[in-house]
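Labels run A, B, C and D following the written order; every chain starts at residue 1.
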Amino acid sequence: MSDIKAVTQTHIITADCPSRPGTVDVVTRFLFKQGFYINEIHSFVDTDENHFFIRVEFRADTETEFNRESFCEQFEQRASEFEMQWQLASSPYKSKVVIMVSKHDHCLNDLLYRYRTGDLNIEIPAIISNHPDLEELAKWHGIPYYHLPITKETKPEQEAKVYQIIQDCGADLVILARYMQVLSSEMSKKLSGKAINIHHSLLPGFKGARPYFQAYDRGIKLVGATAHYVSDDLDEGPIISQCVETVDHSYYPQDLAAKGRDIECLTLSRAVRCHIEHRIFLHGNKTVVFAK
Amino acid sequence: MSDIKAVTQTHIITADCPSRPGTVDVVTRFLFKQGFYINEIHSFVDTDENHFFIRVEFRADTETEFNRESFCEQFEQRASEFEMQWQLASSPYKSKVVIMVSKHDHCLNDLLYRYRTGDLNIEIPAIISNHPDLEELAKWHGIPYYHLPITKETKPEQEAKVYQIIQDCGADLVILARYMQVLSSEMSKKLSGKAINIHHSLLPGFKGARPYFQAYDRGIKLVGATAHYVSDDLDEGPIISQCVETVDHSYYPQDLAAKGRDIECLTLSRAVRCHIEHRIFLHGNKTVVFAK
Amino acid sequence: MSDIKAVTQTHIITADCPSRPGTVDVVTRFLFKQGFYINEIHSFVDTDENHFFIRVEFRADTETEFNRESFCEQFEQRASEFEMQWQLASSPYKSKVVIMVSKHDHCLNDLLYRYRTGDLNIEIPAIISNHPDLEELAKWHGIPYYHLPITKETKPEQEAKVYQIIQDCGADLVILARYMQVLSSEMSKKLSGKAINIHHSLLPGFKGARPYFQAYDRGIKLVGATAHYVSDDLDEGPIISQCVETVDHSYYPQDLAAKGRDIECLTLSRAVRCHIEHRIFLHGNKTVVFAK
Amino acid sequence: MSDIKAVTQTHIITADCPSRPGTVDVVTRFLFKQGFYINEIHSFVDTDENHFFIRVEFRADTETEFNRESFCEQFEQRASEFEMQWQLASSPYKSKVVIMVSKHDHCLNDLLYRYRTGDLNIEIPAIISNHPDLEELAKWHGIPYYHLPITKETKPEQEAKVYQIIQDCGADLVILARYMQVLSSEMSKKLSGKAINIHHSLLPGFKGARPYFQAYDRGIKLVGATAHYVSDDLDEGPIISQCVETVDHSYYPQDLAAKGRDIECLTLSRAVRCHIEHRIFLHGNKTVVFAK
């Protein structure tokens, strides 16, 4: 396919660099000179870290055609002066997403529905699981299902296979949709900034296993979920989104889990949406999220 | 004052005991036989602990007069068969509340407003602080203000004075409205089930000091507060109520604190309301709250 | 099947009657005398209407067997003295639910997921639609799909067919899961208290057609949904549950609709859960909902 | 006072104009050329109306001094080419706010607390009421209180006096904090975009008088409040913020009102904060709000 796209195409540029005067102008001047409309712009300066973040949605004027190569080459000239890291995405922005699951299917079901209806603008080239249980669900959606069992001994080998699939798919994002396995340190690093996990508690409360049981024992009055980027440090990855619902004393662990399932689905899909719409910056152990 | 009250008076009986058949009937049969209307009834059985809780609001029929002494004597006969712990409160249910503060005045201001307008049905015989700052606010509301400074050395002595005031007032409840001091183990025990603290995080996340700074460092997307009964184990007391608001990367600790102030006020006043309306049962390290 | 059930069975009795002393005792005394445990009890007196409502979950003692016929006969004797309307449900409480849809599938998909996983304790003997679009979804779940097109002229005939299916199924509940057709006055009356509709606005705001467009034009900052019992008066039926999410100026009608879809699913499933758990009383044009 | 301010000063420029390429660049290029840092930037294009909105927070570089007159003169040259309407505000951004009240004091009390503690960065040169009741509260905060009774006959005269006070104060904003009087069409027009009202329902539901009673009659499950700019068309003004809380059947009108008071305070203070931080654009009958 040629790099020359139709004129109604829209684009998203995301960039960050050390903060100094002119960081906005680098982007906005360039886009103006090239004859683009800006649809939406968000910027943020972290004054503690003295770091600048910007996200711009823009579209070509009717008389302009988009030459990606030329755009990138020219923009890099300006950007490099500011030590700017940047990415350019162009519509239709269809991300390739690999989903990893275990036996719980609520998050998978929710993601597949959003995929099927176009609510999430994604392709799903692969679903990977350490159990065979959810194959039928994958099949009904016409998605290849890889059953890769894991044991303590076979973990390196299994992860190698998983990573191979991710690579072969050209995946932009890996979603751990209740995968229930801790990734190895090596795997976590390889997937840094490209893998989102859903944890079924309001981190940092109730880290580790069986958070709904922990929450029940503590007698909490809010149950929640946390979507975060996978990091080497378990349950300490950069938080993307968190949601809650109220509960009371009458919620046993299975009731918390039932209410939590809805929250997990919403929290995870929001995080995924932000990621595929290029709204998230990974920033040390935190995120900057220009959410809609 | 006589024990005979006007016929439009309402009453609240709260009781708990080991679960077995007939625990509801003990209360409802008695009230029926005595000719009372039941306005509202809540019960709960903790099936893990096999324990029963009940709260009943009732009112005398128009031809009945209320003799508290006789009521209690007769009810105890039935209740004792079931090893039932119970309390009876009669309208106008005006609780005596001692408020303890430090320098932050948002929770105090909120409680005083609710007191002044009757939104919270309380008397405030004393405000106690280790600092003189909030005296003027107390004075404007016509409430005695006790300035009792505290140091590591004078802590036992100061706490003794505090406890004396609480005793002298006949306080039903002590509210630590951002008191910012850890009560001694001895004091915590004395006030067990009678002292509510507001912690400015979603416990068990961010225990201890400066939770808004901890929350900022962790990059959380929800800021919250927790009202709990004071216990010997700091920040581990039984949770009564929890509330949250959404935040994002642009919230520095002072912004979290600003948003948090509103949440602290709401969370604390809800817990206080539940307590003075006899809606809370202390149950090991948890609470049963029959919230409206 | 015999009326004698296993001893671990639980039951729910719901009742309402004019308020007077002894209305609770009617239920609780009877249950005690029959040797039942009460798991949970909720009551409410509408003091404006002077009407009493009660819901009790109870279970047989280990040595007792449950004879439904005998229970009902004996209870009716007491209940009739109080002009009490009452119902008895016994576990496993599996309700028969007919779902009606048009072309939008988000609510249907959500209900089917909850059905499939047992999150909603229901059977779905039929899905009825005026369009053929969602047949495949029904089929995958093994549920009969009735395609009954409707025009202005064929409406009486179509509704007769629909009603026949509902009757034949022995349905306890009909869910209009974005059916997009206004039921006739006659049909509404036949289904009174047995049909739940989801309206995609916070009623009474934005009644009628295209509520997300109306909401957009008005510039609202919260988008919501309302689940209500179907009544003869369009969009005026008794409200069961309402939920919202925050939005801002950047939400065009299609964005409101997208966010609204999640809210519609949650709002509808909550209403359905309350109904099948016998937590709702229809009370004139309102509901009393003893929600968990 | 000189137009030359200290170098640590920050500024906010807000602007809107018909959408076309270069609208962002107009602002960002100018600020860059003048040597300013941009702290935060938000823009939005209403593609239905083809209109552009932008808000930029910026600060002078350490070696630059701020000459307001010169800034405005030069910026206007560029802005006028784009038919841009714009405003410039400079720290400390202290807005002058006149508050109008009747007898309900919860919103006033909340605003005064936020004023007193600096949470809202405002001066309050006057509180105006048609009743004398809240004078003491005003006095304690050292704020002049104008008691201007109103009758059908004296309304034009009273409004003239009110407007005179607003003019004399140089007020930037008028807050109707439960003023309970409908402003005349003339007065509404004079205060267009400068007066915020709090309505105690989720508009457009329950317009007009006694919304909590209307809400009770309708049996709603969410109670809410709406802050909006005053317009000639009662309860139809542009919405700024809306908040809700869940309620159930047990809430009588007075209970809805009690819960509503907290929501009204939060909703109003959020709208006021957005206004004084120059985050709101009035846009026909809607608002664009770049909320934090």
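Keep this in mind: a contact is a pair of C-beta atoms (placed from the backbone, for glycine too) under 8 Å apart; a residue touches a chain by one contact, two chains touch by 3 or more.
Note that the structure is a prediction, hence the values are computed from the model and not measured.
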Reference subunit C; chain at largest CA-centroid distance: D
Proportion of interface numbers common to subunit C and subunit D (over half same, under half different): same
Distance between the centres, which are taken as Cα means, of subunit C and subunit B, whole angstrom: 36
Approximate Å spacing (C-alpha centroids) for the pair subunit C, subunit D: 42
In subunit D, residues with contacts to at least two other chains: 40, 44, 47, 250
Residue numbers on subunit C that touch subunit B, as the complex places them: 19-25, 28-29, 31-32, 35-45, 47, 54, 61
Partner subunit B, residues of subunit D touching it in the complex: 40, 105-106, 109, 113, 117, 119, 140, 250-251, 255, 258, 261-262, 266, 292
Footprint of subunit D on subunit C - complex, ascending: 44, 46-48, 202-206, 218-222, 224, 238-244, 248-250, 252, 283, 285-289, 291
